[in-house]
Every structure is written in structure tokens, then in C-alpha cells.
Amino acid sequence: MGVGKLLMDPLLIDLRGDRGRQRRETLVRRTFLAAAVFSVAISVAIVVSLFGEAGAFLNKIDVSQFIANGWFPRRGRFQVMALVAHSAIITGVAISVAVPLGIGSAIYLSEYARSGTRRLLKPTLEILAGVPSVVLGVFALNFITPQLVKRLFSTAETSNLLAAGLGVGILIVPLVASISEDAMRAVPDSLRQAAYGLGAKPWHVSLRVVVPAALSGIVAAIILAISRAIGETMVVALAAGNAGILSVNPLEGGITLTGAIAALAIGSDQVAGDNAAFQSLFFVGLLLFVMTFGLNIVSERFVRRYRQRY
Amino acid sequence: MRRTVGARLVIFVGLVTILAACGGATSAGTDPTANDLPGGPAGSIEVSGSSTVEPITALVQEAFASANPSVGISVEGPGTGDGFARFCAGETSVTDASRPIKASEAETCSAAGIEYVELQIAFDGLTVLTSPENAAIGCLDYHDLYALLGPESEGFDTWADADTLAAELGATHAPYPDVPMVVTAPGEESGTFDTFAELVIADIAEGRGADVTTRPDYSPEANDNVIVNNLSTNPTSLGWVGFAFFVENADMVKAIEIDGGAGCVNPSVESIADGSYPLARPLFIYVKTNDLATNTALIDFIDFYLSDDGIANVSKAGYVALPDDLLNAARSAWESASS
Amino acid sequence: MISRTAPTPDLVQAALAGRRFRLVDSLLAGGLLLSLFSSLLVLITLLADTLRTAAPVFADRGLVFVTAPLSADPAKAGVLQGIQGSLALTLFVMLIGFPLGVSAAIYLEEYATDGGFTRFITANVRNLAGVPSVVYGILGLALFVNLAGGLTNGRTIVSGGLTLTVLVLPIMIITTSEALRSVPATVREASYGVGATKWETIRHHVLPIALPTILTGTVLTVARAFGESAPLLLAGALVTNFFQPSADASVVQLITDERYTALPLVVFNWARQPQEEFVQLTAAAVVVLLVLLVSVNATTILLRDRFEMKSLR
Amino acid sequence: MISRMPAQQLSVPVEGQVGTAPNEDEGILVARDLTVHYGSFPAIKDVSMAVQPNQITALIGPSGCGKSTMLRCFNRMNDLIDSAKVTGGLTYHGVDLYGPGVDPVQVRRHIGMVFQKPNPFPKSIYANIAFGAKIAGIRSGLDELVEESLTKAALWDEVKDKLHESANALSGGQQQRLCIARAIATSPDVVLMDEPASALDPIATLRIEELMTELKQEYTIIVVTHNMQQAARVSDRTAFFNVSISEDGHRTGRLVEFDDTTTIFTNPREKSTEDYITGRFG
């Protein structure tokens, strides 16, 4: 075996790699990259499609309208404040239902439930999370309003913010519960042991150790729930009514940000192109986008805080 | 046993496809080649427009469709105004209307080169309603209605708030009781709203330089049921719905008689058909005539609509059928347009 | 030096005794359990009320209700087009959204280095997942119905399907990413150790392990798309009592030429109908919607169990 | 005088007793045929031993021998595991710890615990120490309690200027001393330590060991350790546990030998003890 033979050692050739194999790697990599970039394209598309028409809308109308005279897009009256107020009321009702129920469920599941109970009760929340919002809309309209709201408050209108808020609240209970539970389960067992080792009772451990340690996750859950409640459409479109006059009475109906979009979509002004009513849809959409986007970022920050710690 | 990821994915997607097919996917029973075969009339018909007329047209379409499965048909009812907008943009070939086309809409149509024929198919009456418990109000005239519901009544929370305006207008039934007034009525996208504005508000409003519209501060509802519900639960409520819907719920609400200048008239099939009830309106369909030469399905469809079998759906949907002279007028208008 | 000695046993006994019934603990546990049960109660009420209201429809008409087309006549109305439309939309989401979502997740988890760009995309995806669905509807209207109307033919299933695809994509990416992240690094190292390339490692080792989780996440996402209605209101689905696609239309024409609706929109439309009969029909349509969703979810669980048995763990 | 926990009332200072030969039936904590099942399998079986006051008792043995399980019996931490079942006798000052009328919560206030990994609550240093007092309903004298406890744990000088900063900012060794301070702040009678130095570097370990020696003046300490040198250095008595593996793979621990530490390390009775301490297995 001579020197030349050694230089032709197959090992050396192998180290240079197989061209086809390399090319395939590059191709695969680029395909996946393209898919990832597509997601950015979507958000750009959302922002562009919203901003364009929303800008045209702002150019066309007098911004002072935003604070008075009601939301009547077909009359050229755009009191965005009324939409925001109604959304806020519904969100408030929803949160005051979902936060105690959701966090209570989460504490129970994470701290108290034995595995059997857990196996039985956790799917309840998962099923509830899978119920489409239009179904809860029907439930709010055909059950919550007549059987609950109207029985408690005889003066309530058939379409009312309270029933819609309750419906949205039910819808976001599983969200609050699951994120809070995640956060509580992320609290290391060593902390619970430490507390028990100091002679703590179960309620000390859950409320004084676990909940404070999981607080940033729970806050994230609440913020996300607010964002979800603001963005919920179908329950509101079915149960909250279309009244454009600003009303702070939850027993009256009122149109919300999402409700306004749905109302304009159903009465298909869409085709009408450049009139202000059609364009207001984009402006309201932009408002929703900005609000929920902001809340999501804040919530994400809280989630990261508890993820980093443990 | 080893399977690659790819194979697993194929199985996965395949299973879901089967699941989709089991539920009766849209492709069920169709064959691409069937398209070329001669058969009944083929083509597609898109109808939009008034939500009031939609039930009639939907029933007619259904009856027509069962005999003509090759025709693709869709009906929707966003409202008369929105319907004309789509019609004049060339997106639909028929539009339902609970009022005649407006001049501005006609302009849009002609600018877009859309030609059409207007066919009256039925009557509907607007019924102004209150709770059966509201004994104080039995009859109202146009001035009353304007004072209570017109554009200048924005902010009136009680019936008595309208007293001054009513007196100024010379309304017959003022002053009104000093009780809360809660108004529930169809929303602005609906033809019933337009008709109310046109029939009740327009003349007085134009005379006073006000907009032809109602007060905005009421509860607008898309669902007539909700309107009736709200009206029946509040003893001093006020609102209006289409006559057809009032008939179905006559036990829950009270119709207010209307004085159009010739005394108070109660809404009924008879008073609407003979023209004595003032708040009655004709219902129309508008058919785009540009396409008639190419779209034979459209001709067949309108032929069917105006036939005895088709027009019978007017009563079925709860509206007031046309007297013979008006029906014949519509039929001959269609005949001249389609031949 | 001082030491301690054992005190008398009864003194110790007294010191160690606690109250057998701890009020605060019992109250808290009871309250928490109650909050969990109230969710159960709501769910039971919802189902019971829906079933009770829907019962007459199924009693009178049985499964004909499912196979009958939409109708303005409550006595004849069925949900056929709704089911067809929903399944077609779902298929769209699966065929486009699934590969796209998985690909993007593979890039982010396996290829991308942890730089500013990757972090930007990841944050972007997370935030997109929280954007209200109705906003995606506006996007669908502006982009797929109006702007690209020439390609999608406006208000067709193509527009609706693309809108839903875009809606679920972020969720698909997140669930897939989490599945990939849960694959232990040792698996990858072992594969590289025997000379496999990145793609070979992913294809033969990472994906097979992550697949059950990915599929679970995927079908839950698809189920969400199945029940979604707000974006379709804007993306051109019909909210109507009657429509019929041409019986002669080819599959391609059905997708690109004909109008469409979806089951949740049938529910929405019927809930707004004034006639009393439609209250029952709405409940019946809700029942059909929930049954279909449950079967989609049950399929997931079956699939996952099948794959899990074969995978490494 | 700082506020006292109820446990303190138990300790009556008495002269004498130190240095007397321990009787296997007498001690502050006495186990008789103690068996712990996880599910249907015994994790430790038939352990009998007596722990003497103001001594450091070390539990050693190979991994899986049940020394931690044994430790957790002493303050009923095993109650937190649903499947755990304790049988046999375990008395504390002659009172059956698992007897009726004994509240595990109260037990843990008398018998404190320090864990393998430092586990401070994600709160301030001050809040960590004050936690035990707060849940016992004590509201006054907390500042003194915190200072005294931290001083006893030899941590005061290092943290006195940052009492209200997060405990997570401390080093691992400091965190563990904080956990010890937290445990002694409830004025326990006995302190259980589960491999308290295993997660620490040698220097921090040394400090913990010094601390243990100081603390035994006031407390009875039981320590689990896998580090034989540590056991030899700090403990007065040592218990050696060994594990047997059943045919179906379940590990059961048994107490092999329990004697003065010097005896165990220089002149063990059992062969397996000798094998273990000379490093032949484990």
C-alpha cells in the first residue's frame, strides 16, 4: 500500500460530505424558514389591511364624534366611547364571574384534588373550553336572559349586557383556570414541603405560599382573560343587542366593539366600499387589535416571569 | 413495525378526510363530467336584499330548487339598502326590497350598466305596537308618531317629554301620559326601519328640515321576537314590526290604530289589501335583465315566482297577497321584460 | 450545661393535638370545590337545556334533520349545507394549516438560532394567537374576499378556508413547538452521534416522538376552527335560511364558485329567527355541532393512543 | 425576650442526663417496628430506634434504603403522599405521633425540617423567617425573632442589611442557612435535616456542619446524609440502613445497625455496615 493509496482514503472523501445530502438539507431548511416567515407576513397583512381603511376613516370623519351622540354608523355618528364602555361592562361582568371561578377551580385542582377527583373534574373544564362561542351565545340568549337575568331583575331588557357578560364569563373560566393551574403546578413542591415542615395548614400552603409564588401566572391569566373577553364576538352579537346609545346599566342592551363589527358584517355594508360606515369596521378592528395585542404582550411578560423563576 | 412520519401523516389526513366524507362532503354524488350533460336549466342565481321579503323568496326558491337541482341558488337578507348596493354592484341577479328603489340607488345601478325590472309581489303592513297593558294609547296619527319617534324626539325618556313637540305639530292624541317610554324596533339595516321612516317620518321631517330617520336612542333588534318580548314586558313600551310578525304574536302585544287622516284604522289583512290602513307597504323583487338572454335559469325562476304555485308562498310566509289586478300587472311587466 | 428532658406525655399529647375540624381549611376547600362544581353545573345546565329544547325536533324528524337542507320552512329545515360547509372548511385548515404550522414550528424549534429574528417571530406568533378571531375576519374580508377576489372568487369557501387557516396557524405553531421542545435533547445527540444530518434527525427521531402530542394539539385546533363563526361572518359565509349549490357543479366549482355557509353560522342565523319553531331548531343544530365536535375530539384521542403505543415513550 | 412558640413550653431545663448511656427504649423519639408502605409495597420495614435529645443522629445508607422515608415519618411529612401508609409505633416524648388526636400540623411545629435543596419562599428574607410565626398567629416581636433566628443560623451578619430583598438572591449555602433559620424560628424541639448539604460546595458544607454542632446545644437533630465523612464528623449516633430488592424490583429498606458514631465507623457489628463505610458498595 503506497502513499497515494493513503491519500485516497475513503475517510477523507467522506469528510467532505455528500453533495446531494447537503442540498437536501438546505432545501428543507429553506422550506421551513419560509413557513416561519409566513407567520410574520400574516401580522403585517393584518396591520396593513386594518391601518389603510382605518386611516381613510379617520380622514373622513370628525374625531370629536368619538365621545358623544351614540354609535350609529349608518347615520354617520361614531361614538366609539359607547362601544368601549359597553365592551368594558361586559368584560367587567365576565371577569368578575371568571376570576373567582377560574382561580378557585385552579387552586382546587392544583392543591386539593386527589388524582381521582382531578381525572373526573378536569375534563369538565376542558369540555367547557371546547364549547364554541356561538353555542354560549345561544345559551345566553335563550337561557341566561329569561331564566336568570329577567327573573332576578324584572326590568331587564331582552338584550342586555349582563347576560352577555355572564355568557362571556363562562366562556373564559377554563382559560383562567388552566393558566392559573399551570402557574401553580409550576411552583416547586419543595416550597409546599417547606411550609408543611414549618407546621402550615393546607390553607396556609395554598393561599400564603402557592398563590403568591404563582401570582405572576395568575395575573397573566386574568389579563389574557380580559383580552379574550374584549375580543369575544358571538355571545355579544347574540345576547347584548345593538343599542348604540351609551348605557352603563348592565340591564340594558348595548353594542360593543366586536358587536359593531358583527352588525356591520351581517348587514353586508362590506360591498359598499368607501363609505364611512364600512370603513369604521376597520377602525374598530384596529382598536380591538391594538387593545388585545397590548394586553397579550403584558400577559406574556407575566408568564415569562414565572417560567423563568422555576 | 416501522412507519415513517410521512406515512403516519397520510393516515392521519386520510382518516379525517374519511370523516369529512362520511358527514356528506360537498362533493357527494357529483361528477365533474355531469356538467356537460344537457338537463334542466343550469346556472346560478344569487338573491340578496330585504330581510322582510327573504322568507317569501326563500320559500319560492326552495320550491323551485327541488324541481331544478342544477341551479345553484343562494338567498340572503341583509336589508333592502344593502341588497341594492350589492345588486347595483352586479353581485346579485335578484334583490328583494321592502320599498321602491331610491333615486340615488337607481343612479348607481345605471352608472354600472345594470338594467332591471321592478315586480311587486306582496303587501306588508307596519304595525305600531305597545303593551296590552297600555290602555292610555289606542290610536296615533302621523304627527304623534313623529313627535314620539322622529329625529327630533332624541332624548325623550317619557311619553310626556314629547308633549311640547306634539303640540307644535298639532298632533291629535297629545298630551301623553307622564310614564317612561321604552322603544324597541328593527335596526337601521332593516327594510322595516326604512319603510317606517319613509311612510311616517319623511313628509313631516322634510317640511321641518330634519333628517328622514327616526330617533337613534332606542333598542334596535334584528330579531322580531326580541322586539315583541321587550314590548310585552314593559307596560308603557312603544315600537313597530312588520304586520306578518304582529299577526303571529297578536296575543302578546297590542296594535295601535293609525290615523292617516281618514280616522283610526286597525291593521288587518282586509284593511291592508283595500288600502285603508295607511302604514302598508308594497314588497318587491328587482330582477336584473342584462343576464336574461344567457341565464335561462333566471327566467325559469321568475316565471315560477309569479306563477300561482310560486306566489302562493306570500301567504305561506305570512304576508298579504296581492289583489288580482296588481298581480296581473306584475306578470305582464315581467312578460314584456323577459321576451 | 442545661439539657431538656421529656415532659409528661399528657402535656405532649395536649401540645400535639389540633382541632379535628379546621374551619378555615374546610371552608376554603369547600368554596374551591364549589367553584369547580359551578363550571360542571353550567355545563350540565347548558347541555340539559339544549337537549330538552332540541328533543322535539329529533323526536319528530330523527336524523332527517341532519340530512335535510336549509329551509325557510321550519318544518323542513335541516343543517346539511352547514355540515358540508364546516367539514370543507375544516379540511382546508388541515390541508394548508397543518403542514404550514408544523413546518414553521420545526424551523423555530430545530433550525433557528436564538437570535433577534427568531425571538421576533416567536413573540409575533404568540401575540397573533391572542388576536380576537373577528379581527381575522376583517383580514379575510380585506385580503381574501376583496383584494384577492380574482383568485378566490370572493365569497367562497376558499376565502373562508384561508381565513380560518390564518386564524389557527399561530395556535398550530405554538402547540407543535411545545411538542418538539418536549423531545429530550439526548435523542438528538444520539442521532447526530451516528452521523445523521439535521433533517434526518428530525424526520426519523424527533418528529416520531413528538407526533402524538402534535396531533393532539392539531385536532384540538381544528376543532376550534370547526366551531369558529365570527370571522366567517366577514369572510363571506352566508347567514341565510336557504341556499342550494348547483347539483351539477364539480368539486372545484363547489369550492371556487358557489356560496357557502357553516354549521355555527346556521346556529347563529336560527337563533335570530323570530319564529318560535326556530328556538327548537337552533337547539337541535347546537346538538349536531356539539356531537360533531365531540367526535372530532374522540378521533384525536383514538389517534393519539394509537401513535403513542408505537412511539418510544 | 422574644415571643415564644408553644413548643418552647415543652422544654423543661433539667440537670443531669447528658452522657448517660442511651437506652434503646427511651429517647425523645422512639420508633418500634416502624413500617412504611407506598401503595402495597413496603419502603422501610420494621425499623426500631430511639433518638436521644440534644444529639445529632445521622441516618446513612445506600440510595433507596429508605433513610429519607424514615426521616419524614418523624414529622409526618409522609402524610402528604396519598399512597403512603405508616404502621408500627413512633412516639414523641412517649406520645404516639400517629395516634388519634394528634394533628400533623402541630407535630411539624415541634419537629421542624430542612430539605435537601434550599427551598426559600420567593419572598424577602424577612418574610421567609417570619412565615412560621405568622401562620401560628404571632404578630409581635417578629423583628427580634428574625434577628435571633438568623443569628443562630450564622447568617445575620451577611444579610442584616438586605432583610427585605428576595431570598432567591442569596447563594446556595446562604439559602440553606436561611432555611435552617426559618426552621428554628418556629422554636422546634427537633430539627430534621434531609441531606442538608448535598447541594452545596465544600465550604458551604463546612459551615452547615459547624452550624449543626452549635445547634445541638438547643435542639435535637436528625440528619440524613449520603456523605459518610459528614456523618462521622458531626453525629453522635449513626443509624445504617440497607436496602433489599425483591424479585419484582421493589426496594425495601431495613435498619441494619444503630450505635454510637465512633462504634459504627471503627468497630461495626455487621459485615454490611463495614462494607458500606469502607466504600465497598453504596
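Order of writing sets the chain letters: A, B, C and D. Residues in each chain are counted from 1.
Note that in this section a residue touches a chain if its C-beta (ideal position, glycine included) is under 8 Å from a C-beta of that chain, and two chains touch if they have at least 3 such contacts.
Since the model is a prediction, treat every value here as computed from it, not as a measurement.
**Q** Count the C-beta contact pairs for A-B and for A-C, then tell me which is higher.
**A** A-C
**Q** Taking each chain's centre as the mean of its C-alpha atoms, give the chain farthest from subunit B.
**A** Result for max centroid distance from subunit B is chain D.
**Q** Provide the C-alpha centroid distance between subunit B and subunit C, rounded to the nearest whole angstrom.
**A** 36
**Q** What whole-Å value do you get for the distance between subunit A and subunit C if each is reduced to the mean of its CA atoms?
**A** 14
**Q** Could you please state the distance in Å, as a whole number, between where the Cα atoms of subunit B are centred and where those of subunit D are centred?
**A** Chain centres of subunit B and subunit D, defined by C-alpha means, are spaced 82 Å apart.
**Q** Check each residue of subunit D and list the ones that touch at least two other chains.
**A** Those would be 105-107, 110.
**Q** Can you list the subunit B residues in contact with two or more other chains?
**A** Residues 76, 222.
**Q** Multi-chain contacts in subunit C: which residues touch at least two other chains?
**A** 239, 272
**Q** Could you list each pair of chains that touch, in label order?
**A** The list of touching pairs comes to A-B, A-C, A-D, B-C, C-D.
**Q** Name, in rising order, each residue of subunit A that touches subunit B in their complex.
**A** Contacts found on subunit A: 70, 72, 74-75, 77, 150, 154, 157-159, 241-245, 252-253, 263, 266-269, 271-272.
**Q** Going by the contact rule at the top, pick out the subunit D residues touching subunit A in the complex.
**A** 75, 77, 80, 82, 105-110, 112-115, 117, 119-123, 131-132, 134-136, 168, 179, 182-183, 186, 192
**Q** Using the touch rule from the top, collect the residues of subunit B that touch subunit C in their complex.
**A** It is residues 1, 3-5, 8, 12-13, 15-17, 19-20, 23-32, 34-35, 37, 39, 42-44, 46, 54-55, 58-59, 61-62, 65, 69-77, 222-225, 228, 245, 248, 316-317 of subunit B that touch subunit C.
**Q** What residues of subunit C sit close enough to touch subunit D in their complex?
**A** Residues in contact with subunit D: 1-7, 9, 11-13, 15-20.
**Q** Could you list, by residue number, the parts of subunit C that touch subunit A in their complex?
**A** Contact set of subunit C toward subunit A: 22, 24-25, 28-29, 31-36, 38-40, 42-43, 45-46, 49-50, 53, 99-101, 103-104, 106-108, 110-112, 120-121, 123-128, 130-139, 141-143, 145-147, 166, 169-170, 173, 197-199, 220, 223-224, 226-230, 233-234, 239, 264-265, 267-268, 271-272, 279, 282-283, 286, 289-290, 293, 297.
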